[in-house]
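Structure first, then comments.
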């Protein structure tokens, strides 16, 4: 008997605080698996977001810094610039990265910081109870868009991967999804590649992961994966938007 | 034969593994675990092909898969 | 290197380098952009990092990140920029990381003006951010002292694992004076492996640098721990200078930074003319020299105090807290970027003396 | 405090006339003589263009107020500066006037006015007026004697250490300014 | 409408609407996101605008923009978010625009916790931003009072053309109590054509809303004008409540907001048992009731004071400034999100009483 | 004799504080001419930046609000949302808009605020004395990039027009230049169109104007226009990047 | 202060069991009776999931401390809540226990324990356990008599005003709970 | 004939108009204006075609153009 699947080494054996079926747990595991596979646990520093994943450091067995809301890319810059030998990644939600932290992510990417950003796009503010995010889909109901996101009032959802891919500074920008095993496998590949680019000192990297928030979407976890598939995939096409080799 | 092991008390009953399994190996329990969730369990273990899709899908790393001999890989992971 | 004539901004930058600081993150703002400009030239020469952030919000969070690795790191800004750093400052106190911040205060509120001011006193000493937070706040009055303050700020920050702020003003950073870097000793950075985010290297348990405590009892304990650190600072770090406070001194002017230089001139002049005046100069604004001021206020000869500031009156609260009802506390202030002239101060002090009965 | 040395000079003119540099040289020379010095750039409301000025304070002990509302001496390189500073000089002080650009004189009689055609001197020596500031610097040193000529010349030489070709012409201009200043001082001493 | 059982957050939102506020800009943060959520439903119903900003920095600058047109406008946040608003707050004071800000204080520093706290007292009362700035700061202790404060905050802000802050805490915004909106009168917004940016309509000279004064004398004059406004506030707007401060009261507890409710219960209880204690409750934290407290401290019966706060001690500075050396000032505080229990307070007060000699 | 060119009505007859040859003056005039031509002087509110143009209100005869550094789009949002009858524009430099204000401009554009943004890109921080901007060209020397912008250290210049044009929310995004009369004429057209879209309630609009800062570039004004032409035009292509009619 | 009415109830259980609503109804009923009321949601460290609780304070004059470390009465709907609150109730208080989910009883003898199979009652009446909270609410009102049955029923009717089909079954559940509570109170009164 | 009028004391001497004029109408003065700048002046006014390019280029709105009869427009403005 060989064990072909089990909890990665870089994760503590602790149950998470996430709601049942929340894909944050999947994303954590993927990052931990990649850290294991690359053997970089000892030199990795994560930067936690403010969002449901603020407690990520309770689950990941590496050094961690808890950033302020949206500014993780700036703090990661501070870490990486003072300790270029470290592997530095941020883990951020869509409120954190695309709303309050829009300037910091754009500029970290534009400076080409050699960090990796794991971006959990669940189209909502999870932690604070389901308010609208910049990534909330048109018509999607949230606690601050009770009649559904009205694009005439507040515009269309923002596509961060596409936005960052327009920058001239080299970068690795990918969008993946966590709604089924196949896509989870693809997501892991992207995350691994992102860390490899960092290890090679080549580029800033961001992996956007389409995710679910069953609780605030008001769905069962499985319904949530299906809603993601049917609604988010269309607006947020998957793919590699940019690689350091481009241009 | 592959062996899919579910840590019952770690399971939060999200059912994502049930939907992910191509072999319909898993079903939800009728009784609650310590956390108060109905948990997933392999009710047809003999059908399991060790593809690990259930484990990949599980947000709570509650699933461990062991194999013995062949296993199916739908895609590289 | 012996004495050197330098601009304040450059002396501050150079002092940071002499102190072993190799990382600077900042954003331009008058009147202190020359600190950044100087370091953009100097840092690469010493193998350090100068990085211009996209904003003060970003700069302060970069500072936080670098500080979280135990690196000696500095930022500088001026009033509006300092306001934008408030959130990160609070995080840094909460997460207990050391760092050095220079605020070259300018006239406010809002965009205000670019000339020297001391109207961020309250913000610097009482509310660097939300929550119960304090920075040690140093207020140099000359370039030489600025250099000394920068150089001692790093070890102080490391000692308490808490940011230290140097409040200068437009004058201090823009003027030239002679400075001597050799009279201040540099210290080695302490070992940070027990708390900093430097990668475990397989040698230790992982470290967490954070300010969130979901359990209120845990957060209360953390607040009390921080309070104990503040108590220690209040116990150990109070610094001040007394000028001509003698047995017969009747009126004690209290002033810091640039203002204190003007007041010192006037006090010396008035003494020369036989007026019984003296100057009390707080060097640390936080912790404030409450006890010493109170002692002085108990002297029979002392009939009153006078807080002289470039604000509409902020330090006067601390002076009054120290002096309490023992003696009256007068005020003289200029605002908006105007440094009080010796004449201004002279007149005000003489008037105050008169009030106190000659 | 009679044994205490204290002096102040304001240098004022257009931006680009080298006033800040002239002040810096004076400060350096003062430092070399063991004095405490402070050099303070203008703090006016102007953010750019227009006038530029600096104040240099020399003192035997630590400089108290670096803010000098009415300076002991002034060097004015253009008319607006002349208008602004001439009335503020302390009685007994020196006003060096760049007569190449300023025709007027102050009507004050309690100060020593030293007109000197700085631009012309500079043009004569170097073919352009860029070093007019050095003539004015020499003049104020000569007219006040606050530091020795040697100190100021050394400061100048150090400044141009990396551009050796510029040293001698500038020294020449400085010296000519100094002579004019000293002559004015001596004349005044004889007269009054 | 008569009395209604409402959640604090909703009562605050509704009060704003009753006060004629039709514009709200904010960003979610626990524990006050329900204010935004409520207004996202209600504003469209009354033809108003609810807009979720991308951050607190943006929200505060939207607030500034709307306020600059003379519009009744509000934002709300909690400690870390309030820190991010510091720069815009300073601009608003400098540019003299009215607006209402609610801070539901939570435990700090940094991310801290989400439970009730009073540790932003210094920030709220002394340093809303850089420069000499003050907001009028109201501290409601019940939902009914929150409603009243919100409704009076708008006219107050308009009267002084200065922002008004309401400091609540997690408890006030999360609890339900009965509220009655009808007992507070709504006022019409004043005419703003003489200063606001509303388009000249060809009828008047153009208006400028700004805080930059390049001429230092102009900025000084502006600072002094603002100082005169603060003086007026200090003259006219001090509000407080006295509970059982009677001829025989020996120990006066000073507490505000949620804490004051707990203290009130204890004081009533202790009084019932014959202990000579009373409660002084500041309703405006700025301006602070220095004069009244000082008067009380002069009474012979009064032997001491006690500042009771959810912080490590901030208001106590103001209490000590008021009381000066006349009487001792004790302290009791809980931190980190813990509301002192009546038991806690009872013990602390009895201990203090004992210190004062029974 | 007819006067075919003179100072527009919406400008005061006041000399500006700008350095000789600084194109801020040209941009001011263009905006004023457009305001005159559209007859909207009485209902226009400008939002001044923090930058050399902070004193724009000394020259333009309309109501004005002086925003905080980089946040003009947020303040303009506050104004426009509370008074939709007003015509609201911001006037911002590249440090203001592309650096500290990156989040605010992205989000105002993404919400589709019906405001107009006049964006002066002079590749430098003018007011504070010539520090590097996010728009500073590779190799360009500034007081904080004394050896020239090193793209390996700090990334490539950011192209705001291209960046904003990726947003799905309708908008009018143009880049023009002020280096010669022809381009000035084109710039004016763009500004006018931008205000017209606002008047029609159609879209957010931004006109990026390539500009000179002779003082901090260390050139004569004419040299500066030539440097712009030879260096900036290449990196910052002119054109209409997006119109509300797109898609 | 004997003429002053004051009472407190903590409602605690899993999130989703309707505890906050039950508390709100009690507060509304109290209000209708002219009492001052305060309803305070749990302030524990948990951010989500797990337990949910609220405290309702009723008073004849304005509610002082809304923070109640040891409540006079409690309703516990699951075992963790039982464990947490049973020890804290003031002597003489009432503990309503949802016996459908909790087998244990408190070993305290100085309080009145009222076990009631809330889920079963709800399932009996409505086919599911969603309204178990109403049974518990009825029970605490019945067992304490702090407000009248009429008031609580009215509050409930108002709550469901827009879903008329739900009114009667819920009233039924409430009433059955009330009866059980009252019976327990009366029995205790007889006994002690 | 067109008439190009330069407000001498408003001119900052940037020379942009000089470079912009297709007809070489303008040159810089040899004397300073009140602000201390050499200013632009039409030294060959008869060559002026009233195209306004100088005025369009002037950052200081120091130039006014009047025409009488025809004028050349290189492009709409």
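Letters are used for the chains, namely A, B, C, D, E, F, G and H, taken in the order the chains are written, and counting of residues starts over at 1 for each.
Basically, a residue touches a chain if its C-beta (ideal position, glycine included) is under 8 Å from a C-beta of that chain, and two chains touch if they have at least 3 such contacts.
Computed from a predicted structure; not experimentally measured.
Peer 1: Spelling it out: a chain qualifies if it touches chain F and also touches chain H; which chains qualify?
Peer 2: In this structure, no chain contacts chain H and also chain F.
Peer 1: Measuring between Cα centroids, what's the chain most distant from chain A?
Peer 2: For chain A, the chain whose C-alpha mean is farthest off is D.
Peer 1: Between chain G and chain H, tell me the centre distance in angstrom, where each centre is the average of that chain's C-alpha atoms.
Peer 2: 87
Peer 1: Centre to centre, by mean C-alpha position, how many angstrom separate chain D and chain H?
Peer 2: Computed from C-alpha means, the inter-chain centre distance equals 41 Å.
Peer 1: Taking each chain's centre as its mean C-alpha position, how far apart are chain C and chain F in Å?
Peer 2: 38
Peer 1: Can you compute the centre-to-centre distance for chain F and chain G, using the mean CA position of each chain? Integer Å is fine.
Peer 2: 63
Peer 1: Which positions in chain E touch two or more other chains at once?
Peer 2: Where chain E meets two or more other chains at a single residue, that happens at 51, 54-55, 57, 80, 87, 91, 95, 110-111, 113, 115, 210-212, 214, 216, 337.
Peer 1: Two-or-more-chain contact residues of chain A, please, as numbers and ranges.
Peer 2: 19, 54, 66, 68, 99-100, 102-103, 107, 127, 134, 154
Peer 1: Which positions of chain F touch chain H when the two form their complex?
Peer 2: 1-7, 11, 15-16, 18-26, 29, 180-182, 184-186, 188-189, 214, 220-222, 225
Peer 1: In the complex formed with chain A, which residues of chain F make contact?
Peer 2: Counting only chain F, the residues touching chain A are 99-103, 106-107, 110-112, 134, 151-159, 162-163, 166-169.
Peer 1: For the complex, give me every residue of chain E touching chain F.
Peer 2: Within the complex, chain E contacts chain F at residues 22-23, 25, 49, 51, 53-55, 57-59, 61-69, 71, 73, 87-88, 91, 95, 197-202, 206-212.
Peer 1: Residues of chain E touching chain A in their complex?
Peer 2: Residue list for chain E touching chain A: 27-30, 33, 36-37, 40-41, 44, 50-52, 54-57, 80, 110-111.
Peer 1: Could you please specify the touching residues of chain C with respect to chain E in the complex?
Peer 2: Per the stated touch rule, the residues are 57, 79-80, 82-84, 86-87, 89-95, 105, 107-113, 115, 117, 119-120, 122-123, 126-127, 129-133, 210-214, 216-224, 226-227, 230, 311-314, 317, 320-321, 324-326, 334-338.
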